[in-house]
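One structure is given below, encoded as structure tokens.
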Amino acid sequence: MKYVIAIIRPERLDAVKRELQKVEVNRLTVTSVSGYGAQKGHLEVYRALEYEVNLLEKIKLDIAVNDEFLEPTIEAIQRGAKTNEKGEIGDGKIFVLPLEDVIRISTGEIGSEAI
Amino acid sequence: MAIVAADTAWVLISSALVLFMLPGLALFYGGMVRRKNVLSSMMHSFVAMSVIAIEWVIIGYSLAFGTGNWFIGGFEHVFLRGIDLYSTSGTIPTYTFIVFQGMFAIITPALISGAIVGRIKFKSYIAFIALWGLIVYAPVCHWVWGGGFLAGEALDFAGGTVVHITSGTSALALLVFLGKRKGYGLDAIKPHNVTFTLLGVGLLWFGWFGFNAGSALAANEVAGLAFITTFIAPAAAGLSWMAAEWTHSGKPTALGFATGILAGLVAITPGAGFVTPMAALMIGFIAGIVCYKAVMLKGKLGYDDSLDVFGVHGVGGITGALLTGVFASVGATGLLLGNSHQLLLQIGGVIITIVYAGVCTILIGFVLDRTMGLKVTESEENIGLDKTCHGETAYNI
Amino acid sequence: MAIVAADTAWVLISSALVLFMLPGLALFYGGMVRRKNVLSSMMHSFVAMSVIAIEWVIIGYSLAFGTGNWFIGGFEHVFLRGIDLYSTSGTIPTYTFIVFQGMFAIITPALISGAIVGRIKFKSYIAFIALWGLIVYAPVCHWVWGGGFLAGEALDFAGGTVVHITSGTSALALLVFLGKRKGYGLDAIKPHNVTFTLLGVGLLWFGWFGFNAGSALAANEVAGLAFITTFIAPAAAGLSWMAAEWTHSGKPTALGFATGILAGLVAITPGAGFVTPMAALMIGFIAGIVCYKAVMLKGKLGYDDSLDVFGVHGVGGITGALLTGVFASVGATGLLLGNSHQLLLQIGGVIITIVYAGVCTILIGFVLDRTMGLKVTESEENIGLDKTCHGETAYNI
Amino acid sequence: MAIVAADTAWVLISSALVLFMLPGLALFYGGMVRRKNVLSSMMHSFVAMSVIAIEWVIIGYSLAFGTGNWFIGGFEHVFLRGIDLYSTSGTIPTYTFIVFQGMFAIITPALISGAIVGRIKFKSYIAFIALWGLIVYAPVCHWVWGGGFLAGEALDFAGGTVVHITSGTSALALLVFLGKRKGYGLDAIKPHNVTFTLLGVGLLWFGWFGFNAGSALAANEVAGLAFITTFIAPAAAGLSWMAAEWTHSGKPTALGFATGILAGLVAITPGAGFVTPMAALMIGFIAGIVCYKAVMLKGKLGYDDSLDVFGVHGVGGITGALLTGVFASVGATGLLLGNSHQLLLQIGGVIITIVYAGVCTILIGFVLDRTMGLKVTESEENIGLDKTCHGETAYNI
Amino acid sequence: MKYVIAIIRPERLDAVKRELQKVEVNRLTVTSVSGYGAQKGHLEVYRALEYEVNLLEKIKLDIAVNDEFLEPTIEAIQRGAKTNEKGEIGDGKIFVLPLEDVIRISTGEIGSEAI
Amino acid sequence: MKYVIAIIRPERLDAVKRELQKVEVNRLTVTSVSGYGAQKGHLEVYRALEYEVNLLEKIKLDIAVNDEFLEPTIEAIQRGAKTNEKGEIGDGKIFVLPLEDVIRISTGEIGSEAI
């Protein structure tokens, strides 16, 4: 089992959700975050003065998947998260972490079937 | 003389409108600071309502409007002595006049607070506005409206000099002691809630009708004139600021537009009842541009007048005071009607006020800095004044 | 008798100001609850505007101001029968008098809602305020202002007894059925947005000028007096509460300051037009301290008057009613002018009102509890009333 | 003719109240959009204050209230020529009349903005309201209030036709060019802050007293009547909308209740000074239900009038205009008093206005769409207009 | 050492905190998130129109534990997070990730004792 | 590759960012969280009554790093996050999790170079 963490643009959330639905990944957790990286901060203007803003709003997705779903999940996120065909700096990243165990609270199910 | 009921009603509701500017100011300023300082910033406006109201009825009113001399009133009305239910001032009860004037005494020091958000000790702030109300506001108010040496000389319909130039100048002077916020210039210190700032300017504009048109002290033609000029000038200044910003940096921000409206409100204040609506249009347009430039200049000079009290109230007040000397045509005459003397009087009034307010503020600031200390510690500034000064966080689950 | 235009203008704008207190109250209370109950809490104020307004014109006004007997008015003005465009009450149109009084009828039950946030069923709340408006408010209003047995006896300029003591007492009585919030005393239940609460008190103060000075029902000297006392007392109470808190727990909170202002507003209400400005100063200072102590006591007694309706409106109203009997000197005389009888009348009025409001509220509460049920389920309380009662969440992306 | 001070005071404060509706509208609308569009939506209201105020004093007032012909006024008062401090309109200064009417000219196009949030270019919006103010508002205002062909025919006390039917119809017409928001119908587009919307309706109601009762242009009995009907109708409509929603979908939402109040405010506008309080009760109840049904219908028809400008202002305005023809009984007679002719006049006025506003809006929209373009790009819509049009984010740390 | 991530209902946070306290797990980090999964989105009504809302508010807990605390932690969360005895859909999930190292910033402690 | 999660004081964020910049770690994701641990909750006063508040505002940083950057990253965070030389309770913690894979969405890069 894997624990997938994806950082995407807020405005791509709907598209990513739709793509995930298509590959039958229909469980996830969403967090509002901010971040920076290769994407240059942009200038914002406050009352006639310009400031560089480097913490940009992003959305973080946490998705626990069984191994066979890893590939489709990653691909779905990529499809949904790209601003356009060729992709733009700032479209985000996907991190894959090992996941040792899952417990579903309501039923007490454990492991793969709990995901 | 008997009171006129309609004038009383008008000045009463105008007083309420001016008080309402304080929550407006709290929103306007509070929206522009970071989350960690929002309560602290709002409390600067709110506590002024308490501190100055009490000070005003105890002694401030007497100092400003007591007979006194060319410089300051006297002590005859301390604790409102000598005034009762049937005392009148013009066509309204004296109690009503006191209240209306008290509202001006409140908002003026509260305006200063915008320059020093996020780094002044709360108790020192209270001491500062209390002293400032006596040492700066009361005399200047006396000069212009209370029978002092500027009365009948410099034109100031509703407080361009008394309110805005004094507060704008003092804001700048106080920075001598308070310096910059940590991180100023490095990180963008963003307004934590621009909707507050927009809403705040809406409340301010609403209240300003009481401020300016109420200053006619009667429900008459002059009130009507001051009302329409207070309608037109901020509208024009909002547009001209927005146009300047749009051209200069590519986007018309909501924050900029709100600031432009405020600049127009400030600039029309001294002339509201002395100029025609079309002159108000001019004054507004000019003020929007001039204040925009003044705020830009701050960026170059590098001081941290955090919410641009000097750039908007100081510069806007000066602009308005001078343009009143140019455009005055109703109940007074200005440069355009050939009375260049009036413009000189305006310039004189402006300079005297700047010097007086600046010097006194530096003195007050110096004394407080040496005694109670004005500035919080670096760690308190980092954590934010809401937590360190008030023990609170504004937003919770 | 013909109407006086200036008085009409003044009472009209005062009515609007009093209505504006409802959004103010919604903000004040809404800011103090948790996010999950903010809409529910605000709706308590807003729905009162609808429910009581309709009830008032259908029957409430007639019960309160119809001729009737010592206890209650009659049915002659049900559905506003017998009143037309040209009916007058004093120097204003009767329609205007009805509206002004209707605003008081609205805000009074809405005040109660602060005690019971986060755990009362919405439909039971509606039933409660509708019944309470008829059974408690209309009679007490009749006693004091509608020609009933307290008229001309106990002094109550703008509703210390009619509005604040009734609502404060009833808040406490209703807790018999609603008990504590889950987790009260264990976890800190923090205000979700203190800026709302500050802003709310700003709106309340602004509106209160209509409440108190409008109660003169004319734009005259008494309105001027009521206005200045309403300016001074809350300022003083804000300071004295803050001083008490600062000394006692080390920090001056914004929430505390806002509460102090409210305490002062409440306390000056009964005496606004009967006392001098300097008496208002005293009343305000005392009210700030007394209410602070009262709220502290709650902590010891352990009941959950969530937003301190009793501690502020009940205690503040009682303080104000008694101090009116002490300080009255304008158009009436109190203890300090040697009229101890007035103080006795005040005490009598307070006691009768407390008993009547308390008993009736318990009866209404009992009936509703047995029929519709008053309290939501534990799970609904956990999830929050916004979602469970209104199907909404206040804040979204 | 000399001015009457009390009437002047009343119209001045009413003007301030109407201006205050703009921040109210900004909150009402701003709360209902998503976070990413809140500043953009609020700016639609705020910028109208600037753009239309300037346009109004330059030319709009002259076109609406200049002598002119049956269709439109003239150019005699361009730049307020021919008006000075002592000009009067009825019993108030002309400057005051201009300001009061100017506030109506401002709010009308701002109302339209609710239909098109989140997808109109800011500069095109400015161009649109400027053109609309000249081409639609000024003529219709002239027809009804400025001596045009509907004056003295169709009853419109405070702008049911001039303000609400024009804006509601135009909102719908503009959708021809702006279509739906992305994701409309797929995802729930939730209001980002319902407390804003509630607070907004509170501000609107408060301001509406100036709108309706100020339209009497005097502090007289008719103002008193318009005030009480403006008190009752929204209260009733809030309840009837809530009842409909509660029955139909199981929960009484705060958003629905707020919308019901607004529907009542709209519906009583044309008849405020012509109907009795009990008729206002009926009008309110009916309007709440009718507008609720109208908004439901939108769901079936599938257009995206985002914040229901047509459903509330259009349908509410029509309902009110027609019911005024039914219930009019004060200073005019309607169907219930046997004057079916009045109802026909109302119907005629409604139809003409709908056709005129609809056609002109489509023309303006067409021209702007071909020249500047009306709609932002899909990517801008996705990111949100605050960032893309104004370069800002409303909420920060 | 393990890094436990639990997604629970917001209204169960207090109960979960109490249960954790009982087993002496008194360190944790809380994040406001939203998510969806087996729990059906519900209908919400906006002005007479119904919309399906599928992102539901949840609370995410991050708890780093030493291995011997893993069982008690999971059980405590389960006890606290269940809406009722039998558990309801939407009560949440617990994810267990491997944790390689911990550093306590103030003292510089490392590993198990830093947790 | 490692996935570093750090919990720090909000007022230290700027300092931590500066320190990370110095060691050329210029990618990260920031989340507002709250938490408790060794740091005692403090008393807050609401209207004359004192309450213990134990959930304190913190900032969570997520930083994915290549192995050679792990040490510098941890040290930079430590330097920036300490309230003062000796460190104070509540200064926070750093958790190091294994990271199996990274995908950069815009380019499709994978693994170390995608970080």
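Every chain is named by a letter (A, B, C, D, E and F) in the order it is written, and numbering of its residues begins at 1.
We take it that a residue touches a chain if its C-beta (ideal position, glycine included) is under 8 Å from a C-beta of that chain, and two chains touch if they have at least 3 such contacts.
Computed from a predicted model, the values in this text were never measured in an experiment.
Enquirer: Starting from the defined contact criterion, work out which chains touch chain A and chain B both, please.
Expert: Touches both chain A and chain B: D, F.
Enquirer: Chains touching chain C and chain D alike, please list them.
Expert: The common neighbours are B, E.
Enquirer: Where are there more C-beta contacts: D-E or B-F?
Expert: Comparing D-E with B-F, the pair joined by more C-beta contacts is D-E.
Enquirer: Please report how many Å separate the Cα centroid of chain D from that of chain F, as a whole number.
Expert: Averaging C-alpha atoms per chain gives centres 51 Å apart.
Enquirer: Quick one: chain E and chain F, Cα centre-to-centre, how many Å?
Expert: Result: the chain centres lie 19 Å from each other.
Enquirer: Taking each chain's centre as the mean of its CA atoms, how far is chain C from chain E in angstrom?
Expert: 43
Enquirer: Residues of chain C that touch two or more other chains: which are they?
Expert: Those would be 4-6, 9, 13, 187, 190-191, 249, 251, 253, 255, 391-393, 397.
Enquirer: Which chain F residues reach two or more other chains?
Expert: Residue numbers touching two or more other chains: 31-32, 44-45, 97-98.
Enquirer: Write out all the pairs of touching chains, ordered by chain label.
Expert: Every touching chain pair, ordered by label, is A-B, A-D, A-E, A-F, B-C, B-D, B-F, C-D, C-E, C-F, D-E, E-F.
Enquirer: Please give the residue numbers of chain B that touch chain A in the complex, ascending.
Expert: 187-191, 245, 248-249, 251, 253, 255-256, 259, 292, 295-296, 298-299, 308
Enquirer: In their shared complex, at which residues does chain D touch chain B?
Expert: Chain D residues touching chain B: 3-6, 8-9, 12-13, 15-16, 19-20, 22-23, 26-27, 30, 38-39, 42-43, 46-47, 49-51, 53-54, 57, 79-80, 85-86, 92-93, 95-96, 98-99, 102, 122, 196, 386, 389-397.
Enquirer: Would you pull the chain F residues touching chain E in the complex into a rising list?
Expert: Contacts found on chain F: 2, 5, 7-8, 31-38, 55, 58, 60, 74, 77-78, 81-82, 87-98.
Enquirer: Using the touch definition up top, name the residues of chain F that touch chain A in the complex.
Expert: 3, 26-31, 62, 64, 97-108, 114
Enquirer: Can you list the residues on chain D that touch chain A in the complex?
Expert: Counting only chain D, the residues touching chain A are 36, 183, 186-187, 379, 382-384, 391-393.
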